[in-house]
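Written out below as structure tokens is the structure these notes cover.
For reference, chains read A, B, C and D in written order, and residue numbers begin at 1 within each chain.
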Amino acid sequence: MTASLAGSKIQVAVVGGSGYAGFETIRWLLRHPHVEISGLYGPPDELGPIDGFFPLLSKQLPMRQELFDIAKISRSAELVLLCVPHKVAMGYVPKLREAGLKVIDFSADYRLKDPAVYEKWYCPHTDVGRLAEAVYGLPEFYRDAIANAQLIANPGCYPTCSVLALGPLLKEGLIAADGIIVNAISGVSGAGRRPNQKYHFPDRNENFEPYAVGTHRHAPEIRQVLSAIAAKEVSLTFVPHLCPMDRGMLCSIYAQSVKESVTSEKLTDVLNDYYGNAAFVRVRTEVLPAVKYVVHTNFCDVAARMVNGRVIIFSALDNLVKGASGQAIQNMNIMYGWDETTGLI
Amino acid sequence: MTASLAGSKIQVAVVGGSGYAGFETIRWLLRHPHVEISGLYGPPDELGPIDGFFPLLSKQLPMRQELFDIAKISRSAELVLLCVPHKVAMGYVPKLREAGLKVIDFSADYRLKDPAVYEKWYCPHTDVGRLAEAVYGLPEFYRDAIANAQLIANPGCYPTCSVLALGPLLKEGLIAADGIIVNAISGVSGAGRRPNQKYHFPDRNENFEPYAVGTHRHAPEIRQVLSAIAAKEVSLTFVPHLCPMDRGMLCSIYAQSVKESVTSEKLTDVLNDYYGNAAFVRVRTEVLPAVKYVVHTNFCDVAARMVNGRVIIFSALDNLVKGASGQAIQNMNIMYGWDETTGLI
Amino acid sequence: MTASLAGSKIQVAVVGGSGYAGFETIRWLLRHPHVEISGLYGPPDELGPIDGFFPLLSKQLPMRQELFDIAKISRSAELVLLCVPHKVAMGYVPKLREAGLKVIDFSADYRLKDPAVYEKWYCPHTDVGRLAEAVYGLPEFYRDAIANAQLIANPGCYPTCSVLALGPLLKEGLIAADGIIVNAISGVSGAGRRPNQKYHFPDRNENFEPYAVGTHRHAPEIRQVLSAIAAKEVSLTFVPHLCPMDRGMLCSIYAQSVKESVTSEKLTDVLNDYYGNAAFVRVRTEVLPAVKYVVHTNFCDVAARMVNGRVIIFSALDNLVKGASGQAIQNMNIMYGWDETTGLI
Amino acid sequence: MTASLAGSKIQVAVVGGSGYAGFETIRWLLRHPHVEISGLYGPPDELGPIDGFFPLLSKQLPMRQELFDIAKISRSAELVLLCVPHKVAMGYVPKLREAGLKVIDFSADYRLKDPAVYEKWYCPHTDVGRLAEAVYGLPEFYRDAIANAQLIANPGCYPTCSVLALGPLLKEGLIAADGIIVNAISGVSGAGRRPNQKYHFPDRNENFEPYAVGTHRHAPEIRQVLSAIAAKEVSLTFVPHLCPMDRGMLCSIYAQSVKESVTSEKLTDVLNDYYGNAAFVRVRTEVLPAVKYVVHTNFCDVAARMVNGRVIIFSALDNLVKGASGQAIQNMNIMYGWDETTGLI
């Protein structure tokens, strides 16, 4: 038992509680037995009682979102869950880290290791020196590093869903590192809380469409992580689609087997071996992954099959849980030495 | 057969084609055998190819929405379907009428007969002199006046749904004129095409809520029309709700019977008598009105029952069809002497 | 702290885990710090691994639903959550109670105090002698009795939503006991898990309709409970509707104020007074109740307003949580002397 | 103008009007200016007023579905739209054809040219002799044969969507004939009208999942048609998914370009050349295909792009219109020499 368990709870600050990921983070933190939310912080135009943004939180968290104030945060918290957009995050992180705070950053700012790649897909990076310090927060692949991290780059939703499906098979050399296709779908909460014609209910409901084909910023993240796991350059085509539902994500992935003898059973065995001790990955054989089986949970379900000589892998998760807030809590649990599933049932 | 049937088609201009009602109007006009869309017109910030707003229309209507131009419209059309918001409409109508054009106005600007009532609920009226000329375009009650009208005030969706349910029963004196409750629900297209937090998909989906309780602008319209039909002051409580679906509307209406002897059969008989020749009202007995039975049609379904000594009336329609565009086409058919159902199957 | 807290966890059996309420109950029990699920039991045609019915539960509850076996249950549990339909429940309850087990019954079998009323709406009652023992499990009105109960009749979803809205106002005599109208809507999970044409996705989606008008079995339950609270006969008209969403419920209630001087503020004050200490009722003033604000929580939100001389009350809850499983857990917490909110965040 | 246009309307019988495709067929026929529905016929357990099955049709088609009766049908109709399942269809077709009736068959029974393939995927074929007579009713590829056909095998929804996307590119040799991946999604109406746990609203809503991976019966149909078009064996992987919406279909297709020099522009040019005169195919460049742009229309939208060296083609249609009933009407128009778009606006 850590010191923090024996006595008082860990104090956690949430920055950016007025977005969907912030909201979901608050909900999971409220259930967690070892932490307390010490404060909520946001940009100047997003201040006020948190239940003004999310009336569901009334009577659960009678707290105001206040202006980001490093002095106040450092006095009252030891860990910050940073749920703000890219670019904003790398403005806050240096201050938070200099104040000695642990940070779990939900944005993309510390995920891409090469600042040139970051600049190509996002904008110039203003905190390059801290990229090496950041640990990519995918526990199923980087648990040990997470345990000792002070700054976590919490993975993107599509990367989590894709990497959990492909990682073990690439690591074991069962599938070719090139020519992979990730056909992904997401619920609309993945697009954030800001209203837009694309997400206006009558335009989005009873609709389904591809978007950001060849231009989605999660593609370089997926490539970087998978290349590191495979220890070789991985190339893939990533095509996301919007699906008319609140939350949930499903990847249908197509790959080539390296050996002719690969079977569905062999693929499943490799996944089972890799995820045997993973609390939040389920290797499916009797049913295929489906959004309904993972939504509002921190699970990622995966299944792999040989079909007509091609490897097909399905993976599903809740974009707001295992794809964002739940994974952050899981990382927090690991950082503090708590059981990985604490507060995540 | 009118002259227009013998020869060329009637030329119709649509003003405000870039909203949902405009879009729906275009779709029905394209199917109509006796009319042609001669032009599309809109405000300065809504110009361009109509399929840029609604890609569904590609290859169906290769036409641009141009800036409202009275000279151009009057040269090329004889009827204008005016699908713009209140206040904008009463800016256009004087010009259109002075140019001798027939107008079907979808806005509320010419629905309320008393300019003081209009001002209370909307804004000061700038075309008071033309209020008397306008005919309320509810064919089931004002068919003869519509046939001779030059300016139609096309009814609101909630008023159409409420009045078709209550009108005959009030007219025949079966129910009390006071104490009526209209509990209504609508699909989200009723809120228009402009994005807003309230209609952002993840906020609206899997949600249901009341809105504008005691303040909805359709309430005075319903009261005015029902009072005219009942030939006495009608008082009612109108409570609308947002339902997570694209389109459709259902009113659940509660009233007191005037005589103790009123039965479900008597209520149904009165409705059947009144709507015996109405092409687009169906009096239901075997099933209750449901949105699925009317959506994408110009029908309004009604059913009345005595339950525990209270009169309950249900009515359902598609807010974009019988609640807007379809009703406008129906009015147009009557104005031109065509069969009322032409192009409305 | 009770004895059970000091040592091992309370063992709970769930009977009927393969329905939606059973599933939801399991999910909340898994999060509860003081209980353990000792077994799952069901009818002969609903046996097998629980994750065969609900794959979401894989890796969370590796347990089979076994045939109902009183000996086995009584050996391994002290509390039974009985999530089976009416009639089936009153077959099991006598056995469970005779074996000394505490029971929380989700069915209607012990809710109606008068067996004649039960027979009229359901079927002949086969355990009349135990009706007096059963406590109606609505904590906001019967907390003390619940604390000492051995058999809880867990309330219906519509009754919970209606009674929480109307109870305090009737108790304080602010509204008339007759002429109340409850216009209610529910998500489709309320209809249970058995497939049916009415709930077939393409028939139910993008649809909205009334059902069971004047015949819904929750009406006599609402009347009985409200009459007891008001200490006079309450008469009301109850009209439920199906709304195209998974879960959630909203009641729009219309009543007459008894005194002319009643205001929105007075109504709100009475609700606030009554629910000042209620953990799971929120009296709304800044926003109206909406399904999105309560879904996946145990809250019931209420708001009351005077509009045009009529009292309008809105209430919303999640039919599977405060309307079923969450309320059962809340009752369990009270029975065991735990904080009422334990495991219900 | 054909003889039939000059005088009375063509009489059409619909067999199987009580399914979704039958219902949609009725709706389009009611709008068609040159045909009349002479009768509705069905199996013994699906008889009665058609508006008993689909109350939307009340007042539009006051007709009963009667027991299939070849004598009656042949007396009163010259064309039969056969909307029954496979196997049932090939029981009816011999009788209809022997009576000299033209038939458009919605089932798979006459689509697969090789009875051995049919038997492998469906069941033994009982009308092998008529396979050669049947014309595959995809007008964009077989217009001339359709014009002279007496028996049309109306294509499946997925095959229509896939072939319209891939056909021209394979025909022109721009993409490789092997290694094609068709990742498809469909609205739930595609699964038919029979209730089932999979399509129960609370199980299907807010859900998304793959199904029939490697086993869907439309795969051999797609392969056969594309192989004929490409004049070489085409191999592909077909993976369908269920999407929570009523109707609509979208294919995301991945292929290899044969020449390195292929560009998005070249792909688009080939599609534009091929579909230049096609009334119901739209080649998209400014927007990508989306379900909302095609739903309730007979259009199929396609777009092709080179992305990272891979050809990606998207295609979208309404599974009940271009994927079934609308395509049947289009085939009928061609068979009778009417403009292909008649009644299909």
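Just a few scattered comments:
As a working rule, contacts are C-beta pairs under 8 Å (C-beta built on N, C-alpha and C of every residue); 3 or more make two chains touch, one makes a residue touch a chain.
Bear in mind the structure is a predicted one, so any value in this text is a computation, not a measurement.
With centres computed as the average of Cα coordinates, no chain lies farther from subunit B than A. Interface comparison, A-D versus A-C: the higher count of C-beta contacts falls to A-D.
In this assembly, the C-alpha centroid of subunit C lies 47 Å from the C-alpha centroid of subunit D.
If you average the CA atoms of subunit A and of subunit D, the two centres end up 41 Å from each other. Averaging Cα coordinates per chain places subunit A and subunit C 36 Å apart. In subunit C, the positions touching at least two other chains are 187, 203, 205-206, 244-247, 290, 292, 295. Against subunit A, in their complex, subunit C makes its touches with residues 30-31, 33, 52, 55-56, 58-60, 206, 279, 282, 284, 286-287, 290, 292-297, 299, 345. Interface residues of subunit A facing subunit B in the complex, by the touch rule stated above, are 20, 187-189, 193-197, 199-206, 244-247. Partner subunit C is touched in their complex by these residues of subunit B: 181, 183, 185, 187, 203, 205-211, 213-214, 235, 237, 239, 241, 243-248, 250, 252, 254, 288-292, 295, 305, 307-308, 310, 312, 314, 316.
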